[in-house]
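Next come two complexes, and both contain chain A; in the first it sits with chain B, in the second with chain C.
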Partner chain A sequence: MQAGARDKAMAVTGLILRASVYITLALPAVIVVISSFTAGESLRFPPEGFSLKWYKAAVNSEPFMTSLWVSVRLACISTVLSLLIGLPAAFALDRYAFRGKELFRTLALSPLVVPMVVLGLGLLQFMAWLGWNQTFWSLLTGHVLITLPYVVRTLTAGFFMFDKRLEQAAMNLRATPWTVLRRITLPLLAPSVISAGVFAFVASFGNITISVFLGFGGETTLPVQIFTYVEHSYDPILAAVSTLVIVVTLTVIAIVEKFSGMDNIV
Partner chain B sequence: MNKTPGTPAAQSLQSAQAGADSAEIVVFLADLRKSYGNFDAVKDFTLNIHKGELVCLLGPSGCGKTTTLRMIAGFIEPTSGRIEISGQDVSLLPPYKRDTGMVFQSYALFPHMSVEANVAFGLENLGIAPDKRKNRVLEMLQLVELEHLAGRYPKELSGGQQQRVALARALALHPAVLLLDEPFSNLDAQLRIRLREELRKLIGRVNITTIFVTHDQEEALMLSDRIVVMRNGGIEQIGTPEDIYENPGTRFVAEFIGNCSLLQGMVKDGVFTSETGLSIPAPGRKDGNCLLVLRPEYIRPASGKALGQRYAGLVESSDYYGSLTRIMLSVGRDSFLLEAHFPPGTRPRKGDRLELEIDPHGVRFVEA
Partner chain C sequence: MAGSRTKLALLLAPPLLLLVTFMLLPLLGLFRSSFFVGSGPIASGFSFEQYAKFLLDEYYLGVLAETIGIGLSSAVLSVLIGYPVGYSLARLPAEKRRRRLILVILPMTLSLVVVVFGWLVALGRNGLLNSILMGLGVIDSPGRFLFNRAAVLLVLVQQYLPFMILSVMSGVAQIDPVLEQAAANLRADRFTTFRRVILPLSIPGILSGFTLVFILSVSAFITPKLIGGSRVQMIGSLIYEQVLTVLNWPFSAAMSFVLLTLTLGLTALANTLLAVRFTADQGKKHASRRA
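Take a look at the complex of A and B:
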């Protein structure tokens, strides 16, 4: 009886704990979304009235829209590049034994460990030395660097879980290495590749530190734009822009989820 | 096969040669070796496999049987030696250029493809036209009686069905040799026995040369035309199941395949005397130290008419298996294993005294 009561107490505590974690995680976003619909002139919670006027303002604001476009472009290109580099890297890490393999692995994952500010400063100096300073290329390089660890990590896990006997079975069925890659390895790794891509996209899209250091010629990324905007004004357009960002991100994730939700894959 | 009595080794050599004369060689392995550093996973492996033959590589885990199979399939490169399939040297060819069909222990069905697509995969790689391919897939699925599941995915199938798909997939290419890697180890005991029977029929029907690897001696005895017993990377004995069971060439084979009683001793003037003084006639055996091997069927409780000498012993253990009772009997310090059926109520118990007789036809000797 006593054990029963204790179990019950544990269950209730667990429920409260879980609920509070979820609420804490979701609350900031929820507050931002709700306040974006305010009819008032200042950003506060709860909002005053309801209107879409700040959305209109956001869509019509050139700095925000330009920087949104920069961010989307940057995130897409760095995701693709990161996958193109990360896929062979993860493959090599998984399949081959070579000298300095652990060093290579650590190096690929190091941008996660090195403080972003240090990385940004280092890159800034390096890019200046290269003469690439203040260009899209330097920004792109920085973003590929910070997305690469996510890609390599996710893909090495994917490769590790991959049953290599399937490749042998395919080879036994007269498939050339290229056919094995195209029809067995890549399709089965697709979920890993997609989640690696999502991680990379989100890491790039939300990054601010690297973008501050490597930003170029007036064109900035959306997070930097929001950050600088907050310095001189604090109006609900920020909430509207943030909500748009949330919607875009969730849509991307939902589409990817639906697209890759192949239950047939173990 | 040649059945002239002789030493087991000579006999297995004879049967190997008799086979060589009668049929075309499909797989030829010459002095195959695979070393990892100083360790020889497989060594001095020479074997001919003839058309339509079902050969089993049998041995405990780590004996090199799977390594050998994987070398034939091309997944492991031999350190030295030669592999020929249908007369072609394939030692250095990649797996996809070898005419083998393999069924993996885990079946390795492609999880993202339907049963039909799994079976069609190899045919596509061979560039077989779609209509012809479709027919062949259907034919294969009919062969394994799975045509009604063509659209299913592997994870929707039972273990036995998965095995049959793997088999259909391998056979669809009409390979020169079928390779089976512990095909029954993932199935429960009941199913294993049923599928074993099915597999034997199926292989008989398509009459394909087959090499299979197992550590289960019962499986090997029941399925094979010829058994290759392996130990520590080398071949211990090659022979028909009957050869291997009835005339084990070494102590290892005697103990690994089936049950037996082993008596250490020496032969002098046609009589074997065990270390503890028990004597058993051994006509024709050369003098010297040796080990007497006796299968349990050749030992029986003494009855009315005497077969030969009788030995009185003490029952050490008596295990009832229904159709038979397995008894460990000690005679002096030697112990004998016998299996017999006793009428109800007469089964000896531990501690009983029992007289036993040895059928002289069943006495075998191996080097000590």
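Take a look at the complex of A and C:
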């Protein structure tokens, strides 16, 4: 009987814990969105009244809109580059046996685990030495580097699940290698390529830890702009701009969810 | 076979070129500059003065201890909170899991600065927490919930908990549910099953999640800067200030390598623990096969 009570206690504790975890995980984003619609002059929660005036202010703000554009452009270009570099890497990891394979895998995934301050400072110094400092190029290089692990991880998982017998079957039916690639391999891999691209995009779009080192003084991304703004002043325009970031992120996540489902990425 | 070698080289060349040129070389350069003499962005020479400055100063050692303390607390809290969540996710039917996973993945993908800003609004003077507490009559005037260690820890755990949850989830998913049923048939209650069957088998997942959360937490600098203010100094925020405000690059480089040693040290420790376990298991398997 005592054991039954212990099981019940475990179940109840688990339920409460899970509920509060999910609430806490969503809390910051929910608060930002709600407080962005305030009619008041200061950030408070619960907000005062309802208006869209801070969105108007955000859209009319030159610094925020310029950096939003920089962020979108940067995220698009680094996603494409990262896919172009990550695809061959994942393909090699899946189809070839070679010496140093595990070392290569670790290296390709390592930008995720090297502390970003360390990588940021290292790149800042290196770029200064190259004379690329405070340019779009240095930001772009940093972003391709940090999005590469997401691409390689998602694609190797995708390649791993890929049923190679389908390719063999097509070849047995005398399909040319080009036809196999076009009709079998690419369509089957499309979901993981899309997920990989989406993850690269979101990682680049939201990144602050590396951009803060590479973009200062020159071009700034939206997260860096928000960061500098929050250090000096604190008003509802930040909530409006942050809501834009949340909307972009959510939209993009909804795309992966539609194409391949969350299960396949993690 | 020569053709396939060339193909492999062509496939590996772009990623290797990127990683070597823009990660390994910069890190090597950083390592070199941590031995520079002087305190400007441009320095030269060779000495251990930067490391000595850090390791012989009580203030910096205090920051290092604070960083390790926050990193360990954040990782331990993440295990305690994240384990039950990861476990339940792994055992949920796929359809339900999909929906909850969005809630887990969203904080990982959302910009850090937006998340931190959300917490500033939640914990601020006119924020959610103060509104609730004043509404309930617990306090009469707004309290200060920001700029202390607990707030930094809360925000770090919220940010990095998803990594723990996912790591536990993928670990538990590999444990055959039949084992749990077997334990139940042998009249073990849920707690005993958990302690004797599930927990030992999920150690690898817990360990990799723990390492990841620790690494991410000790490297944090945006969170301690905005949530902790000047009251809570972590090594990351110290490096950030030295790089961008004080422009003391050699000293920042030395601190970076102290931080890197810390994270690599823990990773190596975790890998060794896993390797020891793994070889032990292999040994057992061999033994049972022979018997």
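Throughout what follows, the second predicted complex is superposed on the first by the 236 of 266 C-alpha atoms of A that agree within 3 Å, B and C clash if a C-alpha of one lies under 4 Å from a C-alpha of the other, contacts with A are read in each partner's own complex, and residues count from 1 in each chain.
We take it that a residue touches a chain if its C-beta (ideal position, glycine included) is under 8 Å from a C-beta of that chain, and two chains touch if they have at least 3 such contacts.
Just so it is clear, the structure is predicted and the values come from calculations on it, not from any experiment.
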Chain A as common anchor, with chain B and chain C clashing or fitting: fit
Which of chain B and chain C A:52 touches, first, second, both or neither: neither
First (chain B), second (chain C), both or neither touched by A:128: second
Partner chain(s) touched by A:230 [first = chain B, second = chain C, both, neither]: second
Vertex chain A; arms to chain B and chain C (CA centroids, nearest 10 degrees): 90
First, second, both or neither for A:39, with chain B first and chain C second: neither
Chain A residues touched - chain C or chain B, whichever exceeds: C
Partner chain(s) touched by A:118 [first = chain B, second = chain C, both, neither]: second
Partner chain in contact with A:247 - chain B first, chain C second, else both or neither: neither
Which superposed partner A:12 touches (first chain B, second chain C, both, neither): neither
Least Cα gap, in Å, left between chain B and chain C after the two complexes are fitted on chain A: 12
Intersection of chain A interface sets (partners chain B, chain C): 262, 265-266
Sites on chain B touched by chain A in the complex: 73-75, 94-97, 100-102, 104, 106, 108-112, 121-122, 125-126, 153, 155, 169-170, 173
Complex interface listing, chain A residues touching chain B: 163, 165-166, 168-177, 179, 183-184, 187-188, 262, 264-266
Chain C residues touching chain A - in the complex, by the definition given at the top: 4, 8, 10-12, 14-16, 18-19, 22-23, 25-27, 29-30, 33, 41, 81-82, 84-85, 88, 94, 97-98, 100-107, 109-122, 124, 126-128, 131, 158, 161-162, 166, 169-170, 189-192, 194, 212, 215, 218-219, 221-222, 226, 236, 239-240, 243-244, 249, 252-253, 256-257, 259-260, 263, 267
Touch list for chain A against partner chain C, complex: 3-4, 6-7, 10-11, 14, 17-18, 21-22, 24-32, 35, 42-46, 84-86, 88-89, 91-92, 96, 98, 104, 107-108, 110-111, 113-126, 128-129, 141-142, 144-145, 148, 152, 199, 202-203, 205-209, 212-213, 216, 222-223, 226-227, 230-231, 234, 238-239, 242, 245-246, 249-250, 253, 257, 261-263, 265-266
